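Shared chain: subunit A. Partners: subunit B in the first complex, subunit C in the second.
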Partner chain A sequence: MSAPLLAVDDLRVHLFTPRGVVRAVDGVGFSLPAGASLGIVGESGCGKTMTALSLMRLIPSPPARIVSGRIMFDGEDIAALGEARLRELRGDAIAMIYQDPMTTLNPVFTVGEQIAEAVRLHRDASRAAALARATEMLELVGIADPARCARSYPHQLSGGMRQRAVIAMALVCHPKLLIADEPTTALDVTIQAQILDLMRRLQGEMATAIILITHDLGVIADLVDTVVVMYAGKVVERAPVRRLFATPRHPYTQGLLRSVPSLDAREHRMRTIEGAVPSALAMPPGCRFHPRCALARDICRREEPPVVGDGAGGEAACWALA
Partner chain B sequence: MSDLAERLSGDARRGAVASYVAGNTLATIGVVLVAVLVVLALAGPWLVPHDPLEQNFLGASQGPSAEYWFGSDSFGRDVFSRVLLGTQASLAIGVSAPVLAAVFGIWAGMLAGYFGGWTDRLLSRFADLLMSFPSLLLGVMIAAALGPGFRTAIVAIAIALFPRFARLARSATQVVRREPFIDASIASGRGPFAIMARHVLPNIAGPLIVALSLWIATAIRLEAALSFLGLGTQPPAPSWGNMIREGMGDLVGDPWPAAFAGAAITVAVLAFNMVGDALRDLLDPELET
Partner chain C sequence: MPGGTDQTTHPSPIALPQGEEEPRPLPALSTGKLLQVRDLTKHFPITGGPAGIHTIGQVRAVDGVSFDLAAAETLALVGESGCGKSTTGRMLLRLTEPTSGSIDFAGENLLELGHRALRRRRREMQIVFQDPYASLSPRQTVEDIIAEPLDVYRVCRTRADRRERVSELLRLVGLEAAHLRRYPFEFSGGQRQRIAIARALAPGPRLIVADEPVSALDVSIRSQVVNLLQDLQDRFGVAYLFISHDLAVVRHIAHRIAVMYLGRLVELADRDALFDAPHHPYTQALLSAVPAPDPERKRARIILHGDVPSPARVPTGCHFHPRCPIAQPVCRESVPSLRTVADGRSVACHFAAPFPIDRYGARAAQP
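Presenting the complex of A and B:
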């Protein structure tokens, strides 16, 4: 087996705030083969967005800093690259889609100009050629009248159209890796499904690897091969998507899956995970999930749990599995 | 922000500006006055009925007449011709100084607002330092240091206005900096300076254009003040400020040169303020100054 497209190893991103050091990402590791897809799930503040931003070195610095770890992408360690090389990679080999399509587009330029911008930046293309490429790309993301859309300003388009345009902008240079941070959260449910369909189709057509960051397990189930579940800056479970949904092993993953509302459930109360995510400045010792965990034992309160493999490509960090 | 975009974008924008100006009396008057001032400044040398430097001691200190529309000054020079030619000095300095201040101030403000941290602290403290002097005092100090003259007046006024542009650009940039399209642009591989020029500047242009037109009025006042103090346009070349200064000698016996020069300053300042107000209504409804 050849080297994966992306291999993250023991990534630690700390935020140096006046009130103390926040270990936002604390020893995260995963890998992603070319053309594959990975989902990162977790509650707000679990470090999933920080992880994603680190992959392109877009973390707000200061206060954030990558304190250790390697991010091997296509033979280069992104954690150690210079700014000039990073700029070459950004938007070309690695692209990003943000949460809110309403504000990801600059209101004073037409959609076509903004998509063309990335082409002109990374490919030696003329203005006209770049615009033509942008129009092609808009057609590829399923916009009915791409030439007209290219001439439109963002405020003239609907939310779904804008997110399609944002996706076109991200994919216009054929990136090897696309990072999507909550790409459908700001959209209507019907549009969400269309956008997910579109991303799945484009992933197939363009052989782009995708990392999807979300708190929505439904979105994950639809689109990715492997899921990484994060809690309080750590990976608690990593598993192929079907295995994760069929037999979640970590108590936190089990809780997350139970909290997905279901129509045919007998009970009327929605299930939740008791308690709240611990304060980033005062992490509990031992397993970070133990204050909310029904299976917590003495050892969970004292020592960090071991990572236990399941023999089928997955692993979970929990004393109950040891 | 999107409101501004709607106002600036699409084919409708030229029509919208025209209909707004036509529907607003003050805006119309302001635009017409500014246009007249610009024409007078450009064509002044060909329009003057008399040589503004020509002295006539027999006809000195006269009131307005058919020969001398605005009267004559103590050297017997035609006040109308001098006021007319003074437009040139006032507008040349009044426009070029704020533009110069805008070029440097906007970039300084964008750098401070975009990078934050030490860049911001350094640039902001420098701007605060300049702001801590009243503009006129600062202008006088700089003019005194550089020696009086046309260029000095421009530099002095530009330095006095620089921190105002820097502050305005900085705060506007801080708002735009948080917009996701800036992050998206970084993520697509743009460098910071390209982002500032392409994504920040067009989004903060509205309030800055408004400020520019209002500060042109300020600059015209400052130019008159500096010339009045003998630090701007040098006699015998006419400017509104030095005409008032010369007229001060005999304000009771022959008030006409000072009165008409003063009126010219008032009209010019009023005209640019009216245009500025109209631009503010048009471009930046939220800004309250």
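Presenting the complex of A and C:
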């Protein structure tokens, strides 16, 4: 196999706050072949968004800083690049979609102008050519009247249309990697179905690699090949999507999957994971999940768990598997 | 009585362990119905014109909604943003004044009550909001937050009694009495929602309107709070109007489910009946749109085209017809009434025969 498109190795992002150092991302690693899709799943504060922002070096700094690790993208280490080169990459080879399309779009420019901006910046196209390209993109993302949409301001569009416009903007330069941070969380379920359908189709057509960040296991199951499960700044499990849902190995993954109620069946009580995610400033020693883990033993309270492979391309960090 | 006395004739909300009071009995209503809502409507005026004082249109947020709710029952109100589910919930407490319709609560039409009488009645109707970061005052201690309804209704005679009751409420929702003196910022989202639930429970309500109470919570915390709501219902017989867009949670907690689209009810059925054989095309699309947490099941989706129309410009006839995969000319012209089609199931659709659908899958090919 050739080198993957993206290889993240031992990434550590710390936040230097007045109350102490928060290890928001603490030794995260994964890789992604060209054209593949990877999902990062976890609850609030697990570090999934920080990880995504680091991939484009968009972390708020200060207080955040990448303290170690490599982010190899297409032969370059993003963690070590200068600002000028980063600006070339952003919006061209790597693009990002955020949760709320209204905050992504600038309210005082038309949608067409905003999409064209990326083309003019990265492709040196004329204003007219860029606008024409923007209109094409809007058509590609399934907007019924693309020319009119291109002339519209964001407030004139519905939430679903805005998110389509944001996707058009992200894909207009044919990025090799698309990072989507909760792209459908702000949308209603029937609109979410439209957008997921669109992303699946475009990924096939444009051969773009996707990193999907979400807390919704249903969306993950729908769209990606490989899943990374994060808890309190660490990767607890990584596995192909079918394997992960069929036989989750880490106790947290198991608990998370059990906590999701099914549409098909109803149990008397919902399954839960007892307790709550620990405070970022007071992480428990050893395995960070041990205070909530039914399998916790002495060693879990003392030492960080080893990463154990499953011989089929997956791995999990747990003493119970060692 | 150590459990505290009421100024009114209400039964005590919480059975204190050492109290002499009985646990709150289930409401003994002759009809068995706690709440009867008929033709509830809310039109918000759109103002405009030269001075901005003329009404130039109406946002038909809620358009003739009717349902019943029994004691100790959970009715879920589901639908997408802007369908009027929250407005309906707020109107039940008259936090939003209805334009027309009637709300019969325990045999009394709430819309005819004066200010004082309404205030008395509201003791029995409480609400839990979606965002526990916005619904709790950051300047009040947990004790003062939870005791507020107790103070309003003068439930407690002494401070010790008040503290005792609040401590008991905290224990009921899974927090500790040690949390009494803390402020909301010291709690996580899930704990805050527990505080909001304790506050709603404090005056001993018979009905709690829960407006997206778990939508802001993480997966592992969400199920804890859902279990808590169920436990409290089992123990105190409180009825819930559970407003949610999360169909999986609704399947779990609700006894009956009402589906709303653009201000109207489109289907109302028992939980299993609704999930096993949705009749209305919108319900079918809604259920099939939920991504299943199971990569093995690539179920066929009914993908609706377009967006929900603006409630300021509602379509003629059936509100759903512009997006409906089976719409016929009649759907554009006449409004389908909500009619009972089978045991307890009502559907508002001209063609609401049970369409052959596989389980959450696409409708079988139409001839």
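In this section, the second predicted complex is superposed on the first by the 318 of 322 C-alpha atoms of A that agree within 3 Å, B and C clash if a C-alpha of one lies under 4 Å from a C-alpha of the other, contacts with A are read in each partner's own complex, and residues count from 1 in each chain.
Assume contacts are C-beta pairs under 8 Å (C-beta built on N, C-alpha and C of every residue); 3 or more make two chains touch, one makes a residue touch a chain.
All values derive from a computational prediction rather than experimental measurement.
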{"item": "Which of subunit B and subunit C A:Ala312 touches, first, second, both or neither", "value": "neither"}
{"item": "Subunit C versus subunit B, contacts on subunit A by residue", "value": "C"}
{"item": "Partner chain(s) touched by A:Ala147 [first = subunit B, second = subunit C, both, neither]", "value": "neither"}
{"item": "First (subunit B), second (subunit C), both or neither touched by A:Leu105", "value": "first"}
{"item": "Which superposed partner A:Ala246 touches (first subunit B, second subunit C, both, neither)", "value": "second"}
{"item": "Touched partner set for A:Gly255, first subunit B, second subunit C, both or neither", "value": "second"}
{"item": "Partner chain(s) touched by A:Leu196 [first = subunit B, second = subunit C, both, neither]", "value": "second"}
{"item": "Complex interface listing, subunit A residues touching subunit C", "value": "43-44, 158-161, 188-194, 196-197, 215-222, 241-242, 245-246, 255-257, 259-264, 266-267, 269-274, 276-277"}
{"item": "Interface residues, subunit A side, partner subunit B - complex", "value": "56, 58, 62, 87-92, 95-96, 98-100, 103-109, 117-118, 121-122, 153-156, 166, 169-170"}
{"item": "Contact set on subunit C toward subunit A in their complex", "value": "80-81, 188-191, 218-224, 226-227, 230, 245, 247-249, 251-252, 271-272, 275, 285-296, 301, 303-305, 307-308, 359-360"}
{"item": "In the complex, subunit B residues that touch subunit A", "value": "1-2, 4-6, 8-10, 117, 179-181, 183-191, 198-199, 202-203"}
